[in-house]
Amino acid sequence: KTAFFDWLCRMGDNSLILGHRISEWCGHGPVLEEDIALANTALDLIGHTQMWLGLAAEVEGAGRSADDLAFLRDAMKFRNLKLVELPNGDMAVTLMREFLFDAFHFELLTALTKSSSPRVAEIAAKALKEVSYHLERSSDLVVRLGDGTEESHARMQAALNKVWGYTGEMFAEDAIDDAVAEAGIAPALSDLLPFWQRTVGEVLEEATLRQPEQRFDAHSGGKQGRHTEHLGYILAEMQFLQRAYPGASW
Amino acid sequence: KTAFFDWLCRMGDNSLILGHRISEWCGHGPVLEEDIALANTALDLIGHTQMWLGLAAEVEGAGRSADDLAFLRDAMKFRNLKLVELPNGDMAVTLMREFLFDAFHFELLTALTKSSSPRVAEIAAKALKEVSYHLERSSDLVVRLGDGTEESHARMQAALNKVWGYTGEMFAEDAIDDAVAEAGIAPALSDLLPFWQRTVGEVLEEATLRQPEQRFDAHSGGKQGRHTEHLGYILAEMQFLQRAYPGASW
Amino acid sequence: MSPEERAFQERVDRGEKIEPKEWMPEGYRKTLIRQMGQHAHSEIVGQLPEGNWITRAPTLERKAILLAKVQDEAGHGLYLYSAAETLGVSRDELMEKLHSGAMKYSSIFNYPTLTWADMGAVGWLVDGAAIMNQVPLQRTSYGPYSRAMIRICKEESFHQRQGYAIMMKMAQGTPEQKEMAQDALNRFWYPSLMMFGPSDKDSVHSAQSMAWKIKMNTNDELRQKFVDETVPQAKYLGLTVPDETLKWNEERGHYDFAEPDWDEFFEVIKGNGPCNEERLGARREAWDKGAWFRDGLTAYAEKAAARRAASNVAAE
Amino acid sequence: MSPEERAFQERVDRGEKIEPKEWMPEGYRKTLIRQMGQHAHSEIVGQLPEGNWITRAPTLERKAILLAKVQDEAGHGLYLYSAAETLGVSRDELMEKLHSGAMKYSSIFNYPTLTWADMGAVGWLVDGAAIMNQVPLQRTSYGPYSRAMIRICKEESFHQRQGYAIMMKMAQGTPEQKEMAQDALNRFWYPSLMMFGPSDKDSVHSAQSMAWKIKMNTNDELRQKFVDETVPQAKYLGLTVPDETLKWNEERGHYDFAEPDWDEFFEVIKGNGPCNEERLGARREAWDKGAWFRDGLTAYAEKAAARRAASNVAAE
């Protein structure tokens, strides 16, 4: 049960932190259609956060709400991947980070629709619809920008090199992953790897981008609460009002 | 007495927020000597903050400490000038902002050494020694960079244009300024203006920089608690630990 | 008036909609482009003051609502640019004019959003004033503009209700929250009144625009309507409108109220508002930093078209 | 050994200090440049992990102390670059080698500082280990290096005490603070042990460096000393050193302890540590963005010199 709670926090925190990062773009996108798409993606992810952390709070049964989990935990208690907390950089980094996560997220949610937990299956089914679209959009843009101008190609390649070492954590299994996999709640993450590799391989090839040679699992620990230095700043900003006005209703 | 408290907060908040902004440079300066000088300036300003807010807390007599004032007030209660909360920009902006403030700060502290409040006079005397050096250093750099390369000149001019409209607030008097002036605690701010104008005029001329034609008092309100959008972000970061762990001892 | 112009005016008078390919006076076209462009710019610049609080929204629900709202605003921008494009001006041209300062956006967005209560005040007052302006424009004479307005108004009234809900929470919350709510009202009241523009006595283009049904009401009419609707809402919230002269005038059947400081208005228009530089700077920066992105997509589209053409040739 | 080399070695053996203009073997010079440069780089890169918490320091006092510390570190960098310059290498050359990756800095700074307790752990453990390395170097054979070390050691031991004081506050604080303190120790323990370098068995240059008194103790000696001093301090704090094999060895009169993961060490050295890219990236960016600043000062200095020269001529 603790494993289930922790695992739900991982799901919710990934959505929350990636949603936060993407929302930082609001009003600053390179073209109006992107402003809309970025806000929409962030909105979807915050919606998923409400569902995952809502369920986590229920499972915990300690009287905490989804908002308590989102706004009153410090960095050590956050369970998101390091990948999603990386700074936005330029749109190339933002997009590449999103694509590599979307490709994983899609496989994970697809598998979760068959979860032994009906609640999980239900949330996954709802989220999957939106994430299918995220993946469609991000892979399409990766292809177009990878195979666009020399500059857009170079930026996309640089972005890929930058975030690549953070992707392995998505598939790194620990005791919590094993426990929820054993309970049939979630798939074994390593089973998703070949699917992810295929999607990523195909998209990168079409985008004329080169898969980096460096290790893809150089950076991990986020799932266990050991984050990058960036997360603390995200939380200081995100949690300010709840921290400054404890108990207020908004 | 409320006026005295408010005025002390203005003094302390100016030091705190400018010190915060300058401290953001730590480890990122353009040359090692600047890293040292910037850290040193920030350190001086935080020292002044401890003295001013310490006295403010005493005067208030409500059991709050300097730390409470620094870390547990929200933006509306901060009394610093808008000038000091402006983002760092490049070193040109940082330096120009500091120079224009130093030139004011120096005149103000000089006058305050003759304050009718011995406590104020004492703090001012201590701070003045350091601020004399700040002014010496910042005016020297403004001259050298203004009269340096074409690029450094252009950057300094752009920086001057950018922050100029925020300088008038230093001399804008309100009821609080009037009250402390009447009590002999502080000088009339408008009396400082000609001295500031002379210093600034001389330095800018030597720096081959052009005084902007725009109004120098376009932006005000910080002293009354109406800030720019930037202050909220500063406070979210600065106050995080005190907000997240209320009552803890550090 | 030429015969064409007369015929045009008669159509407008009969309440017919003018459609893109149809003849229209050059002044009509120009005025429309200016008005629709300015409105579109306002939508996209308007993302910024609210975007400022998305990352700091106090609950997940509020964050989602705010994201949806900002997304809607970008969407409105898109409708309006598209509608303007039917008049023969491209979105990029309009953007260029925004960035150069040749075209304006609503000066309300040059005021900062300083506390969470401002998300309430912006929704309640700013969207409220916008709706007041926009509802009559659903009946404007230019077809694409009218249709865009119909879509937009539906969403805006939703936004206004959400803003009012935030104000309600704040006004009924802790003393600090109530203080923020009152402060937000204090700061946004007069700028909201300014949104209707100076008194019609001082407005040059008004008469012609009204004849063309590009403008449906006078500025003063709309401002009065806004005050009459908003004052009771403020009372209901337990907040005080920052106008000591505000008083119900039984005779007129309206509230008497103080004019905003028009000097401030013109200062802000001239670029000396609290956030003009930040707002325009943010948009310019977004545009400049996005050049490689837009160029990349264009280059891909051209390559893809060339590849399709080549494969068509090969297939023949 | 040539007669010069023999004479040189005898001077070193007698404990004489070698001064800049005096003859020295090329290997001695090179090794010193490498070691002092690396040390200087470590000081300036070392500003970053602690700089990360200055804006978030929990009290004004802690903020001031941390600022003073980071300032000291930059100052140490300055002493060391100056000392290295006496060997005929300029600061800019050394910087260039740092930025290109040709020269290293202490790999400890490639670990992130994640909570405020890390400010304690860095002071206590990282400065503690640094002092362990540096104290004997006060007696190193190269004069300028020795003198720099004397100044530096005085400040470092102050830093270490401040770090320990932070740890004490945290370890005796709320449950959350204690948890942060333990977590910081868990994360910094092994990286601190790595600071002494791999076992001397695997170290190529050690013997020669020791003969030259550039290196005064073996890595293993210093590591053991560090463990022996630190373990009781951890106990006093009520914290647990994350090493299950840690045990006092009565016979040896030392603690037995587990070796750090040397694979991790070499990975970090290779650039795959948690923060290598951030740290080097931050330094490179500071340097690149500061180019106009440095150029501006240089240009001014040249103009000023020319003006002085001209006025001297005029005055003649």
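So that you can tell them apart, the chains are marked A, B, C and D in the order they are listed, and the count of residues begins at 1 in each.
Simple rule for what comes next: contacts are C-beta pairs under 8 Å (C-beta built on N, C-alpha and C of every residue); 3 or more make two chains touch, one makes a residue touch a chain.
Only a predicted model underlies this, so the values are computations on that prediction, with no experimental measurement involved.
Across the assembly, the mean Cα position most removed from that of chain C is the one of D.
Between chain B and chain C the centroid-to-centroid distance comes to 37 Å (mean Cα coordinates, whole Å).
The centroid of the Cα atoms in chain A and the matching centroid in chain B are 41 Å apart. Shared interface positions of chain C, i.e. residues touching 2 or more other chains, are given as 56, 176. Along chain A, residues 74, 232, 236-237, 240 each make contact with two or more other chains.
Chain contact topology: the protein chains form a pattern that is neither a line, a ring, a star nor a complete graph. Inter-chain contacts, as defined above, occur between A-B, A-C, A-D, B-C, B-D. Only residues 16, 20, 23-24, 26-36, 39-40, 42-43, 46-47, 49-50, 53, 66-67, 70-71, 90-91, 143-145, 147-149, 151-153, 155, 237-238, 240-242, 245, 247-250 of chain A touch chain C when the two sit together in their complex. Only residues 74-76, 162, 165, 214-215, 218-219, 221, 226-229, 232, 236 of chain A touch chain D when the two sit together in their complex.
Residue ranges on chain A touching chain B, taken from their complex, read 74, 232-233, 235-237, 239-240, 243-244, 246. Residues 52, 56, 112-115, 176, 179-180, 183, 187, 267, 272, 274-275, 277-278 of chain D are the ones that touch chain A when the two sit in their complex. Considering their complex, residues 44, 47-48, 51, 54-64, 67-68, 70-71, 74-75, 77-78, 81, 91, 116, 166, 169-170, 173-174, 176-177, 282-283, 285-287, 289-301, 303 of chain D touch chain B.
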